[in-house]
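Inspection log for the structure reproduced underneath, given as structure tokens.
Per-chain residue numbering starts at 1, and chain names A, B, C and D are given in the order in which the chains are listed.
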Amino acid sequence: MKFDVRKFLADRSVPIMFIIICAVCIPLSGFSTSYLFNEIVTRIVRNTFLILSLLIPIMAGMGLNFGMTLGAMAGEIALIFTSDWQIWGIPGVVLAMILSIPISILLGALCGTLLNKSRGREMITSYIISFFINGIYQLVVLYMMGPIIPILHESIKLPRGYGIRNTVSLLNLRQSIDNLVSINVAGVKIPVISFVIIILLCLFIVWFTKTKLGQDMRAVGQNMEVARAAGINVDRTRILSIIMSTVLAGFGMILYLQNMGNIATYSSHSQIGMFCIAALLVGGASVDKASIGNVFLGVILFHLMFIVAPRAGTVITGDSMIGEYFRVFISYGVITLALVMYETKKHKKKKMTKEGTENEK
Amino acid sequence: MKNIKKSYYGTAVLHDINMELSEGEIIGLVGENGAGKSTLMNILFGDEVIASTGGYEGDIFINGEKAQINSSFDALNYGIGMVHQEFSLIPGFTATENILFNREPTKKSLVSSAFGDRLDTLDRKKMKEIADDAIDKVGIKIDDDMLVQSMPVGHKQFTEIAREISKEKLKVLILDEPTAVLTEKEAETMLKSIKNLASRGIAIIFISHRLNEIMDICNKVTVIRDGVVVKTSDIDKITVDEITKYMIGREVDTKHREPRNVEGKDVIMSIKNLYVDMPGENVRDFSIDVYDGEILGIGGLAGQGKLGIPNGIMGLYDAEGDVSYKNEKINISEPMSSLKKDIAFVSEDRRGVGLLLDESLEWNISFLTMQVKDKFLKKILGKLMSFRSNEEIKEVTDHYIEALNIKCTSSKQKARELSGGNQQKVCLAKAFAMQPKFLFVSEPTRGIDVGAKALVLDALKGYNEKYGTTIVMVSSEIEELRQICDRIAIVSDGKVAGIYKATEPVEKFGALMIGAKAA
Amino acid sequence: MKNKSLLYKIILVVILVAMCFLMIYIGRGHTIYFDNKTMEVNGREVEAPYKVKVYIKGNEVADLSNGDRGMAIWIGPKAHIDMQVTKVKGGDKENISYDVPLPRAYDGVVINLVGLMNDAPYDTYISEFVPLATVTSAEDEEVVLDEFGDMSFDE
Amino acid sequence: MERIKNIIRDFGVPRFIILAFLVALFIMAPFVGADLPTQITNLLNRFSWNAVLVLAMVPMIHSGCGLNFGLPFGIIAGLLGGTISIELGFTGVQSFIMAILFATPFAIIFGYLYGVLLNHIKGGEMMVATYVGFSAVSFMCMMWLLLPYHSPTMVWGYEGKGLRTTISLEGFYDKVLSSFLEIKIGNLAIPTGAILFFAVLSFIMWSFLRTKTGTAMTAVGSNPVFAKASGVNIDRIRTLSVIMSTWLAAIGILVYEQGFGFIQLYMAPFNMALPAVSAILIGGASVNKASIANVIIGTLLFQGIVTMTPTVMNSMIHMDMSEVIRIIVSNGMILYALTRKTNDGRRA
């Protein structure tokens, strides 16, 4: 096989574009290398788990799971409880994870069922589901917590007596996992346990693809009809993939928030799906294909851009907001680009199969 | 198999089919399209369609025991395997993965005992062993690690067969046109491996249109026509011609119209070197002249390209070639080009192409004419704008409802709610409303009942006689063509195999269909 | 097979629930306040030492002179406290350790070190810390609900 | 009984719930001391602001492009028109007319490009539209800062450049439509001008759908292959529908601004698509069928809930749950529409 340089580059156009953006912005921003490394490590620890949760639905052919927000909400609710009960430190994190499981499963099953009813437009549906459940979440957290769901501490409630404050502090949980074992390499703090957790999840995903269920998901993702004919329960398999993704997203959110140290009760989750998806796509994934490698590359490139863009923007234009808007634009732009490329490919493929049958005969 | 019956929505498709099959035997199953072969095989294989439309009647005995096949699982348990015409393979999987798809050998782990078998890990080594073994049995080299999507088409077919063979219980293998997509060489290998399989004691049902293949490898042949087994014979006691005759059927005693002699008339449409890229109905190098005022029939087996001809000329599928109408060229990539020249088309795909199912009959009948001829519009605001003229539309719709005897509650009824026959009449009305000078009609009687059939054919004939409209009618039912056409062209492999007068005996057409060259 | 699988599932759920309770038990966090104040133990006045240094997990969290109050957080049901006590100015330093069970019901626990060191009854040297009423701002916090959230990402 | 069931089914359970909810709100309003005329004025006002934006959904639904989640694209064209008109110093009624005139070429160009893009991705319009809209909005965020605007009413005072987040329209086209022919009866005020303006646009749309091209547009949406076989150029019709939709969105935002009194820039257009989408769905439209009546009913119902819930709920249970209810209702409605089975033969 001849190595096709153009194809190689075309397939990786998004990561290459980002490398160029970063290469231009880093010197402009004037950040020190150790600062950048520290930041990147923090971001990897913070976001990788969340992004990894996106892989399974992609494998099952359900596209980018905008519904991962559901898992994030489940994680937040669990954390609000642990915070209220004053369960601190690592036990707090573990408790929050366990508590989030039933909520995630419930939401994931709901999401999966709805997605099965809207085949062919899973993404827009999962996107709207995330808004819809966000409404429910607000109903629960803003109105029901207090009068209906007992909240012990006044301090996390709004002064009016019901609902949770805009910010819930996780001070005593903050970075409890990151700080458990951490080593310092050339001025860069490496939280060993967090990395171990992320690696374990990667291993889990690799193991999962080797199971029967993983194999079934891949098959369902590629051709639902054939899979059904072979006796696979397609609907159930698809729901399972969404449930797994939601549960993992819940865990991811808890790890994310323990690193951040506080919950922005009404906004932490709303953008998380978007940024995770953008990061994954920056890593070279597409709507129907993504790997663990894409996740890591994506986290690094996307967040590098995120760190340096505002400062670089300020240097270039003299306006600090430009860089802020630029990175938002890039996030949306990348997703748009990936969606357009995916849909065009799908459109072309239909034509290709037509021509294919012609050539074969 | 005894007395198998099956009906779809009250229309009987199979009546009292009886077949017998013994170990190691290869039986050829032939019949025209729509004769009921696929339905029969679907019953055997427990296809979902059968169960969801009310199951089947009759009994199937396997090794002397009565078998009840309700799903493809049952079929698998009874040792029946099937290779479909369309590949049912997962493109991104390797040959091995496809061969063992959903039957993968697995290893247990602690997790799987808690969460169920679906979390067992796959036993790749064992998978490879089984797959290699199956591939060996098929007798051809396939790379077991190759992704199916990068395989040549023949290998895909072999992969499918290997998948069936790898099933331990396999006793009966159904092959639905396994050679249709293969090159000659591959087909040869295929036939060899089929024989090889039979010698291992697997009974094989071999469906094919290529009669010489059947003669080649089968022990017996069964001919099905109109849902009835018309002939079962040992292969050495029957000839290709006889099979053909049984397939096409007896001379039906229907009123044939006297074909007019059209050869001398002006050529109204001349088609030269037409190529159409329509999936499953490819046309290659098709040329014909159509004479003014005639009814030309185009027949042929499914998949040979007859449907591609009108669809290509009317711009619905990518096409190349020279088509001229009254000595003017038609741009065949642009539907409007032919429509503007008063050429209309009644599609074979009623629900997909022919109708706006969710709109009223008025819309359905008037839309084409409105778009093409700017009719049914009224000027308002001093000719600045033109609106739909609901009165005119209603008038024309009511006219055709009466003329074609369309059964409906009103002209406002939705097309979806009509029966198949009446929907077809609406399609005709749509074309007639345009007052075409030239009409393509594709499979006008497909899936409609006998009464409606006669009415549709009469309407076409009447229209031709009354207005002198040239009609090109494409149909798989040769009898139907012979009823109303002047000439009939048979298409085979995308080309004209021959053109005969409609009064020629039916065997001559049959011979053309299965690939014999015109005398 | 089915039963076995069900059994495993039940065991798993039980383990998770058990873990929940375990976590609630061992993860309960308290804010501990150390008072180095003179108090009455068994009817007699005990003078607070000149200086007490309090260590939690090896870190010095408070350096208390007579009458001071220090603060630390502790996760778990029983606080292990190391102290270095200097009875009188310039006197010998004495190291002592205590394991103090913390009451579940209190979030903030005040421990009078004098009582602790002199074997006073548990509930005489332990008391609940009650924060001054409404330390938090009284005015209503505006909750902005935005379908799209704000665009700013974590910094 | 059967018939009632059928009516409810055709109407859709969620729609029924919403209607019942609104009726309940109206019934309860007087008991909790809300002034009905004020409420109705409020409702009519909000209706007149939003109706055109909802109307913008119609062409694309008709041509089978689905719900126009890319509404922000058209809104940007409107914002450009409005800001340019002010920048050039037009005031009063004139500024509104000029805003429409300036917005039109942008809307046509944006709509054309957007339409061509959507023709490349048939079947996946809605998701792409959403993100195209978002990208455009965030791109414009940079542009609002960089474009050379100078009008002191619009730019940040201390820097002298970069547009403000909200621009007051006082002296420009604030209430130009609403106050035109306004009828006042006690507490009841009817923004006649704005409603008339909407009526004119609706009538034009209604008429268009009755012309040859309009009929073709409906057919394209109903069955593209049928339309193609009838000689209709599908791509052209689709592009036309997108241009119309974009233009209406541009006009819609200008109408909204004149009622609201402010131009909102930067991230504001983000939030405009979903309410409009859910309004038309609440009005009885589906992913591929919509009528002017759906627009009117939908906008009234949706805005009714938005205006009534705070007053009634507040006085009843002393909790302002209106925002949350709005989010749940609007997204729930969209979700309902998306998960309903589309008829076969619709999508080819």
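The rule is simple: contacts are C-beta pairs under 8 Å (C-beta built on N, C-alpha and C of every residue); 3 or more make two chains touch, one makes a residue touch a chain.
This one's a predicted model, so the numbers in the text were calculated from it and none came from an experiment.
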(message) Measuring between Cα centroids, what's the chain most distant from chain B?
(response) C
(request) Could you tell me which pair, A-C or A-B, is linked by more C-beta pairs in contact? (result) A-C
(request) Give me the ID of the chain with the smallest distance between its Cα centroid and the all-protein Cα centroid. (result) A
(request) Express in whole angstrom the distance between the two chain centres, defined as the mean CA positions of chain C and chain D. (result) 56
(message) What's the distance between the Cα centroids of chain A and chain B, rounded to whole Å?
(response) 47
(message) Counting only Cα atoms for the centres, state how far chain B is from chain C in Å.
(response) 79
(request) Go ahead and note the Å separation of the Cα centroids belonging to chain A and chain C. (result) 36
(message) Give the residues of chain A touching no fewer than two other chains, as numbers and ranges.
(response) 131, 134, 138, 142, 328
(request) Identify all positions of chain D at which a residue touches two or more other chains, and write them in rising order. (result) 274, 323-324, 327
(message) Where in chain C do residues touch at least two different other chains?
(response) 145-148, 151
(message) Can you tell me which positions in chain A touch chain C when the two form their complex?
(response) 46, 82, 85-92, 94-95, 98-99, 101, 131, 134, 138, 142, 153-155, 158-160, 163, 165-166, 172, 260, 266-267, 269-271, 275, 306, 324, 327-328
(request) Would you pull the chain A residues touching chain D in the complex into a rising list? (result) 114, 117-118, 120-121, 123-125, 127-129, 131-132, 134-136, 138-139, 142-143, 162, 317, 319, 321-322, 325-326, 328-329, 331-333, 335-336, 339-340, 342-344, 346-347
(message) For a test of understanding, state which residues of chain B touch chain A in their complex under the given definition.
(response) 72-73, 88-93, 97, 101-102, 104, 106, 112, 117-122, 153, 181, 277, 279-280, 282, 318
(message) Residue numbers of chain A touching chain B in their complex, please.
(response) 207, 210-213, 215-216, 218-219, 222-223, 225-227, 229-232, 353-355, 357-358, 360-361
(request) Sort out for me which residues of chain D touch chain A in the complex. (result) 69, 117, 120-124, 126-128, 130-132, 134-135, 138-139, 141-142, 145-146, 162, 274, 319, 321, 323-324, 327-328, 331-332, 334-335, 338-341, 347
